[in-house]
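Before any comments, here is the structure.
Residue numbering begins at 1 within each chain, and the chains themselves are lettered A, B and C in the order written.
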Amino acid sequence: MNAEPCERSRHGKPESGPNDLAAFLCRLRAQMASGERGAALPEVSNAALREVTSEEGLADRFVASARAAGVQARCLAATDWLNAVQEVLRGHGARLVVVAGQTGTALDDDRAAALVNALGATGISVSTEPNDDVLFACDAAVTGVAAAIAETGTLVCASGPRSPRGVSLIPPVHIALVDERQIVGDLFDYFARLDPTTLPANINLITGPSKTADIEGILVTGVHGPGIVHALVLAAP
Amino acid sequence: MDGRVVSGDDARMDVGFFVTCLTDTFFPRVGEAAVRVLRHFGCRVHFPPQQTCCGQPAYNSGFHEHAAALLRRMPKAFASCEFVVTPSASCAAMIKEHGPQLAGVQADEVRRLAAKTWEFCTFLRDRLHVNIAACLKPREPVTFHYPCHARGIYEVTDLREWLGRLDVRPPPRTDLCCGFGGLFAVDFPELSGRMLDDKLEMLAASGARLVICNEAACTLQMAGGAHRRGLPLRFRHLAELLAESLELMEGEA
Amino acid sequence: MSRRSDLRQRVAQATRNERVLQAVHLATWRKVDAREQSFAALRHAGALREKAARLRRHTLENLPAYLAQFVERATALGATVHFAPDGPAACRIITQLAADRGLRLAVKSKSMTSEEVGLNAALEAIGVRVVETDLGEFIVQIDRDRPSHIITPIIHKDRREVADAMARELGCPRTEDPAELTRIARGYLRDIFRRCDLGITGVNFAVAETGTLCLCTNEGNGRMTITRPRVHVALLGIEKIIPRLADLPVFLKLLARSSTGQPMGVYTTLINGPRRPQDPDGPQELHIVLLDNGRSAILKSPLREVLTCVRCGACLNACPAYRNVGGHAYGSVYPGPIGSVVTPLLYGPACDDLARLSSLCGACRVACPVQIDIPALLVALRARAADRQPVGKRLLLRIWRHVMEHPWLYRLGQTVLRCVLRGAEDGWVRSGQGPLRNWTLVRDLPRPARESFRRMWEARLRDER
């Protein structure tokens, strides 16, 4: 640690704010200077600690892990996506659906438009830019994902100009379209691919439906987030 | 391998027996058994009379000055012994793990003592190469208690291995604390008592009535609790079982 | 906090509450089994724990640098970072910014740190309504109770009590069905989430490299809290920092397994500043309050290892003392094994006795994902407090030491003990005096042997062959 001279806060009074923090850090640094320095920073490399070591069969592994976490997950041919989504929505008796398409995901603009049309044709109300009323009243939301993780059956949703945080949170049913090629093996893989310089404001790693066991240890789903999560994994062509 | 040595005096190891204050006072039969077994496997056993206590109760309660004073008496008491063997894993751990830090200017002496100090069962296995399981004669179903402070000296798997040939009924949650904890037992007696209840329930659930317990403090706690509650559990140190199996001692009722 | 005889009494009283202790037994054993199963399935459990422990220790040893880096990065992302040297300062900062912005309705996602500083009371004092949104904390709040476990706050309550509280406070039809009770709470809190303007959360990990805050929850209230209100306040102790984004998964792989036995918690939320200009939702402002409140003092002490805690609760679940006394008896925001160490360190000598509420069995150390040696820390705390132990006890130990230093006194002592502890005909003592009274309160004592080992050795054993 460099022994820097500590600056006094300009007003010499205890106030919050960056000045105070700088003074605190300076004092702390000085007080710790003589302390032990036993632990070197461990290398990032986590290759030896991975659960999922193969690049093969990630889709199946994802589905298995997701199901274990309470997600209704399955693989299907990419061409079946529209039927699959409609079937799920029918199964839930959905009348008002939010569709949040996002470029670069399995629910890109083309597919989103196709879905909106198809749903509209069957008399289901659709919103692509939901306000609060719609969000809190809708029956389901259909989204793509930023990534998926096979080890834990995790869906990753990131905030962006066309993907509100609330879409995968507020509706009671969340249907996520996942392109098989978006699935990484291990949690370590996901974080290794994140670019620390271009992080969106909010990233959510979603592993299953919202749940609690606070009352007598009894598991209850659908507390504040969606109680039902579908993951439809579309096979790569 | 039985391991009994029949060659001359020169081949025998010099073992200083550290009986420990609780075993000395409450369970002398354990000490007797251990000595007989050590002799059977070829050791020359000494009992340095200056020994008293390793200081563990004081150490755990935070009275480190007192603990250090007692710990520092030990190197001299056992100076002439090649090995120091004790039937208590917690006392062995006290000497080996905490001794050096309490030793002050006697650090080297205490370190040497620590290096030659052994818990009884691990000494038999690792120095005398005794197959403990092979020596034991099954008599009745047994269950066992794994003492918390044996961690670092031997594991549950070791104890299971040593009991190998017997009809072993493991209790649920083998390493659950008996609730003794040194002065804790009298500082918070109601809590210690409840922890004891849990432990006795586990032991009773095993279906066996003979409990192998290699720790005098735990035996005081559990036997005292079993007696108060009218539970038909008996407690023995593995040394006693060994001595009886090898016919070095009569079995007790 | 807890004074000497107070603690003994509180503990004695707590051990008589059969209903609560039965609930605590059930819940903790379930968690212990879930944790063990889940770790057995983890390929590199040992290596991960090693690495997690090293990462935490390294960070603490270099905390000033990492804190500085975190502040710089978080600020660059658009967050405002505040520093609170103590609890009152944290409350001042947060109430000030709430008042300045006319905020009236706050939602709170579970935060031990906010309970540590008494934030709710401070906000309510200036007219801000604070609603706990974690189901367990919500029930604690409406029932005017206290949490008894750092992860499952109402481990001590049964469904009857929950039903009573909710019917009474929310005016809903009374039901004891957990799913129905949860549904009612969900509906109530959804309305609050729609209207709230301030969101307060704790933080599980703060990443120095990127200025990221990581929040781990299961219910979704954490996500609601950082999505709905226009201002988000994140309160965290300075020890929550980890060096790099790539270190996060090391902890994530261990946290949920240690807490609840799941491979992964439901929601792992990464926050990188407030909403971006083009984002359709999210808070407009993010205020990060870094709290000291005694942590820097601990950092400079030999007990700094305790700051590597990741608040998983595994030690509470593993602890046989906690299991038989419940969380309330500790009298602290932080109960259980980790609480016995952290409470005396944060709140001072009045809480020293908590360090003695343990048999030092080490189950906590085995369960801890970052390998904190809690028994060693407890012994160190006991050593610091030894001089403040009762005079009678200190005298007794001095006498005991003297006896043990002189073998002739020791032998005499054995004879005396045998005489005094006469006991019944069967050789058992059922009631004792003085220090033995507490022993015989709950168990018998075997009478000392007629012939001690050393007498036997001298009489026969030495010369046998």
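Here is the rule we use: contacts are C-beta pairs under 8 Å (C-beta built on N, C-alpha and C of every residue); 3 or more make two chains touch, one makes a residue touch a chain.
Just so we're clear, the structure is a prediction, and the values are computed from it rather than from any experiment.
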| item | value |
| --- | --- |
| Contact graph of the chains (line, ring, star, complete, other) | line |
| Chain occupying the most central position, where position means C-alpha average | C |
| Averaged-CA centre spacing for the pair chain C and chain B, given as whole angstrom | 34 |
| For chain A paired with chain C, centre-to-centre distance based on mean C-alpha positions, whole Å | 28 |
| Distance between the centres, which are taken as Cα means, of chain B and chain A, whole angstrom | 54 |
| Residue list for chain A, restricted to those that touch at least two other chains | none |
| Residues on chain A engaged by chain C in the complex (per definition of touch) | 1, 14, 16-18, 20-21, 24-26, 28-29, 31-32, 35-42, 44, 46, 48-51, 65, 68-69, 129, 132, 136, 151-154, 159-166, 169-170, 187-188, 190-192, 194, 196, 199-218, 220, 222-226 |
| Residues of chain C defined as touching chain A within the complex | 23, 26-27, 30, 42-44, 47-48, 51, 54-55, 57-58, 61-65, 67-68, 71, 77, 81-85, 89, 92-93, 133-136, 139, 152-154, 157-159, 162, 178-179, 181-183, 185-186, 189-190, 193-194, 209-210, 212, 218-221, 223-224, 226-228, 243-250, 252-253, 260, 262-276, 278-282, 290, 292, 296, 299-300 |
| Chain C contact footprint on chain B (complex, rising order) | 19, 21, 23-29, 31-32, 35, 39, 47, 49-53, 55, 58-64, 66, 69-70, 73, 148-149, 151, 175-177, 179-196, 198, 220-221, 223-225, 227-228 |
| Residue ranges of chain C touching chain B (in the complex, touch as defined) | 8, 11-12, 15-16, 21, 25, 320-321, 323-325, 356-363, 379, 381-386, 389, 394, 397-398, 400-401, 404-405, 407, 410, 414, 417, 428, 430, 435, 438-439, 441-446, 448-449, 451-454, 456-457, 461-462, 464-465 |
